[in-house]
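Pasting the structures in now, so scroll down.
Each of the next two complexes has subunit A plus one other chain: subunit B in the first, subunit C in the second.
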Partner chain A sequence: MSMVGDAISHSVLPGIVIAFFITGSMQSVWMLVGAGVLGVFTTFLIEFLHRQGKIQTDASIGVTFTWLFALGVILVTYYAGNTHIDQDCILHGEIAYVPIDLLYTSSGYPVGPKAVIVLSVLLVLILFFVIAFYKEISITTFDPSYAQSIGISTGKWHYLLMGFVSLTTVASFESVGAILVVAFLISPAASAYLLTTDLRYMLLLGAVFGVISAVGGYFLAYWTNGSIAGAMVTVSGVIFAICYLIVRLRK
Partner chain B sequence: METLIEFFSFKYPNVKYVVFGTILLSISSSAVGCFTFVKKKSLIGDVISHAVLPGICISFLISGSKDPFILIIGAFLSGWISILVMNKIIQNTKIKEDAATGFSLSVFFGIGILLLTFIQHSGNAAQSGLDTFLFGKAAALVGKDLIAFGMIAILVLGTVLALYKEFKLISFDPQFASVIGLPTKTLEFILISITVLAVVTGIQAVGVVLIAAMLITPAAAARFWTNAFHKMILLAAFFGVISGVSGAFISFTAPSMPTGPWMVMVLSIIALISFFFAPGKGILIRQYKRFVIQRQLLEENLLKAFYKLGENENHPKREITTNDDKLKRSFSSNQLKKGLKKLKADGYIIATKSGWKLTQEGFQKGKRITRLHRLWELYLTKYLRIAPDHVHEDAETIEHVITPELEKRLQELLDFPTSDAHQPAIPP
Partner chain C sequence: MIIQSENPALEVHDLTVSYDKKPVLWGVDFTIPKGALCGVIGPNGAGKSTLIKAIMQLIDIDSGYIKLFDRELDAVRKKVSYVPQRESVDWDFPASVMDVVLMGRYANLGLFKSPRKADKEAALKALELVGMESFRKRQISQLSGGQQQRIFLARSLTQNADMYLLDEPFAGVDAATEKAIVEILKNLADEGKTIIVVHHNLQSVENYFDWVLLLNLRLIASGPTKKVFTPALLEETYGGKLTLLAEVSELVKKGEFKAREKH
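So, the complex of A and B:
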């Protein structure tokens, strides 16, 4: 399912533009809603084309997300005169601007950077979701037919999980851009998966790798004067390479 | 209409460049796209297109120039390396294909973004415009681009034509290809190389993200119209050409509209129409077929139930009340409502005061289905030695598809039986 994350991160673009067009504001909440709706629609369309149209998954993913992305770009250009959104910012994102966009209380007192608050709330939600429903998620993921036979609804947990994937993607790409979100979804998890087969260790190790990439990436970006998100992904790639070497040498 | 004539008269050299550029690009990318499609590796195009960025940056850093040919060499190399990395991960670790695809794509792109921003912040004045490689500039193609596109299109299409049979074999059945002694590794190498080449050129026109569509979408749409591979390639190329011309036309009439995204939009619309309406494989025609079959099954099952109800009473054409317990147990109320209406319309039953009655035709048909059911049950128990309590379900399905010829053979084989495994009579 990794490539579905990639698809979602691109296909939310029209949702964001439409949300902006309807509400006329750059308020993150509406953008999140618009993006969330499109994210779910994307997963639905991919499944639909695969099941009903009998199109192989790779092609149904490819057709769906490029179509929606093209639609998004067309909408952006159409409204280009009066928005600040452009495909540049959606593809790249710039984490360095995060501290500038502050969230204020009604009395005008700054609470903190908007992205940091949104992502913290999301982190708490996801941690709660994973810890509280660890058993359900892991059973439905690893052995859906067994899950169904003991009465756990696979569809419900699948869409909940995908919902969180879309939320995470959308909330992050303001900072790191649509494509690099995918790297953060896949790379730490894949590195951890190389080293362990226990899902619990994998979750922990993935989180640790994520933190190392973030901190290491920041310093790499500082040093090269380059994009922070790009540097973080580069570090996560290096971590994967190291894990790969460890596994290959052990054999 | 006037704009259409103006457009196709190619009065403006720019229009000519854009139209021919996009046509060349569409044809070569749809052709290679068909191969990646049948290999179920459609997303390879997406990986390559993202992975060229580090190559472009590095070749710029080394050469210090933006000469398209130097950049293309760098792009080609890093596109190739990304595929190599992806394949190594799939081969040597337990990581699955989709995760390896996403990893390769995003990490290469991340490195590329780091390098690109590094170049941009380094204060080198020559760097501006390096990012057109990311978003494409179909509407701003010039003569020089056209020559490059043309050369690459000829190279790609020439290779596909020359090695068509071999490519087809390694895509559909790699094991067989290697058994008959084809150099699969070399062929694979050439096929991936022309794919990378097509993607690298395409990016300059439609951008990193949308080039994936130029490979996948025409192939997926064409697949719905034909089963022959050569027809699929031709059709995909045709769809590509339509999208190229209409994309160019749209941005000609509305200059603010981007050519690349409109090309993909047109392609996607063609694909969606194919998915839904293509005869034979389209979603709608398949749904309709399923609906017809389900209705036929319901009709036949109802007639059988009517016949059996009468048979128990020794009064085959007796009246069946609308709230008969047996009917209600076997059919939902919705099924009963729809099925009975259809049966009446077809003249198999007639309405009476408190229910329904079989007509002569309905009686014959119900009898035939019951006979087929019981013949099949007998056949299964007698010849395949299946226990009598296991044969009912199987007979339920097959009774609807047995042809009169097969029915005759069955009767001969079973020596014109009069009773079946469960002992009820087999109607003549």
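So, the complex of A and C:
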């Protein structure tokens, strides 16, 4: 499951580039749509190769996302060499540019940093999705065949969930880059998983760890004068190490 | 030998299912009476689990139809409960025993509703029935195989269904759990509910079930246990499978069967 997030974070690349070709703009909304489509397509492809192609899940994830990412890299270098989309931006991102990249109203008045607004809207959507459909998401994840047997469509919820994962990935990669997004997708949740056995607390705790990583990482970067995204992920790694030690010592 | 029943709870007509163009069930055709406690018996790879999954529409079927209480599954879904194989889920999932048992109530809750007091009471009652009420706050990864199977059964019991389909409920469980589950299933059958169980152990078939399906790709027999659970039909079901034939001959030695007439 966590590796599917990893896969999506890479395979949305061609979607972003294609969205850029079609609209000719760097508008976040179109990039989100392009990436969202590719994200869901990735999960389809992974499932398809796994079920119809009869290959293991990890192999099908590996084949799918490396192939799509490679396609994206070729598209970027070949067609979009002199635009804002470059490999560096996509792979590493730069959070320090977030306050400069403003969103304007039609009359030209700045509303605020683009990434902050896009991610806030997404946050509200995701909170609604997780809280309102908590039981559907948890039952289809834990026991898909039982969920199916009581009439809850496993496929629908799986693809909705994965759709949100890809939207989140795309909305965040501008700031922290595609690779470090994976760290934020997995490590706060993994740390929380070590400490609690209740899914509700795990979700809350994971969010808290994410916030601590972000804020702590910012100050760490300020102090060391280093990469902000790198520092944030370092902090999340330290949190994971602490959680792991706590659990080991408790036993 | 296929004995049909009048006014059946389950009717499977000419069912064929295949994986990768290889048939796993071929022309299976039978009926099961209301209130039967039915064992589905056959060697590994005979299509027993596939049959249950086909009935629950979890896999595509190639031909035939299935009717439950004379209706399509979608019309009677709330009256039918499915207990999947224990190994089919990840028991490290962060959930408590109560969380899992409450899932049985999700079908009736609908979107946007969270479990209410009545749902929690139903879940507690089901946990009491399977003897697990003191475990309700326990994390599911800390359960033994038998305990896992009990809460799977409890989850289904909260559905108050009229038909229960259990996929290998006795695989890898302790003797006490097996006995407790059989007791519950017998009570349900006495209440007129129809129970269908995928089962492996030939020794216990006669004690547990009043109806038996013998399956090996094709349906070998279906009918009351006394009529169809015979050495001849068992031999036909298990064919050349030596280990299982040995099991049968053990039964014969024990005198539970008359010596085989053929040969």
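Rule of thumb we're sticking to: the second predicted complex is superposed on the first by the 248 of 251 C-alpha atoms of A that agree within 3 Å, B and C clash if a C-alpha of one lies under 4 Å from a C-alpha of the other, contacts with A are read in each partner's own complex, and residues count from 1 in each chain.
Just so it is clear, contacts are C-beta pairs under 8 Å (C-beta built on N, C-alpha and C of every residue); 3 or more make two chains touch, one makes a residue touch a chain.
All values reported here derive from a predicted model rather than from experimental measurement.
Set against each other, subunit B and subunit C differ in how many residues of subunit A they touch, and the higher count belongs to B. In the superposed pair of complexes, A:M202 makes contact with subunit C only, with no contact to subunit B.
Of the two partner chains, subunit C is the only one that A:I150 touches; subunit B does not reach it.
Applying the stated contact rule after C-alpha superposition, one finds that A:F133 touches subunit C and leaves subunit B untouched. When both complexes are overlaid on chain A, the residue A:F142 reaches subunit C alone and has no touch with subunit B.
In the overlay built on the shared chain, the residue A:L185 is in contact with subunit B alone; subunit C does not reach it. By the touch criterion defined above, A:Y193 lies against subunit B and subunit C together after alignment on the C-alpha atoms of chain A.
Where the contact sets of subunit A with subunit B and with subunit C meet, they give residues 54, 193.
For subunit A in complex with subunit C, the touching residues are 54, 132-136, 138-139, 141-143, 145-152, 193, 196-199, 202. Per the touch definition, subunit A reaches subunit B in the complex via residues 1-3, 5-6, 10, 49, 52-56, 58-63, 66-67, 69-71, 73-74, 77-78, 80, 87-88, 91-92, 177, 179-180, 182-183, 185-187, 189-190, 193-194, 220-221, 224-227, 229-234, 236-237, 240, 244, 247-248. Residue ranges of subunit C in contact with subunit A, taken from their complex: 20, 53, 56-58, 74, 77, 80-82, 84, 88-90, 93-96, 99-100, 103-104, 106-107, 109, 111-112, 114-115, 139, 141, 155, 159. Chain contact summary for the complex, subunit B toward subunit A: residues 37, 40-43, 45-46, 50, 89, 92-96, 98-103, 105-107, 109-118, 121-122, 134-135, 208-210, 212-213, 215-217, 219-220, 223, 256-258, 260-262, 264-265, 268, 271-272, 275, 281, 283, 286-287.
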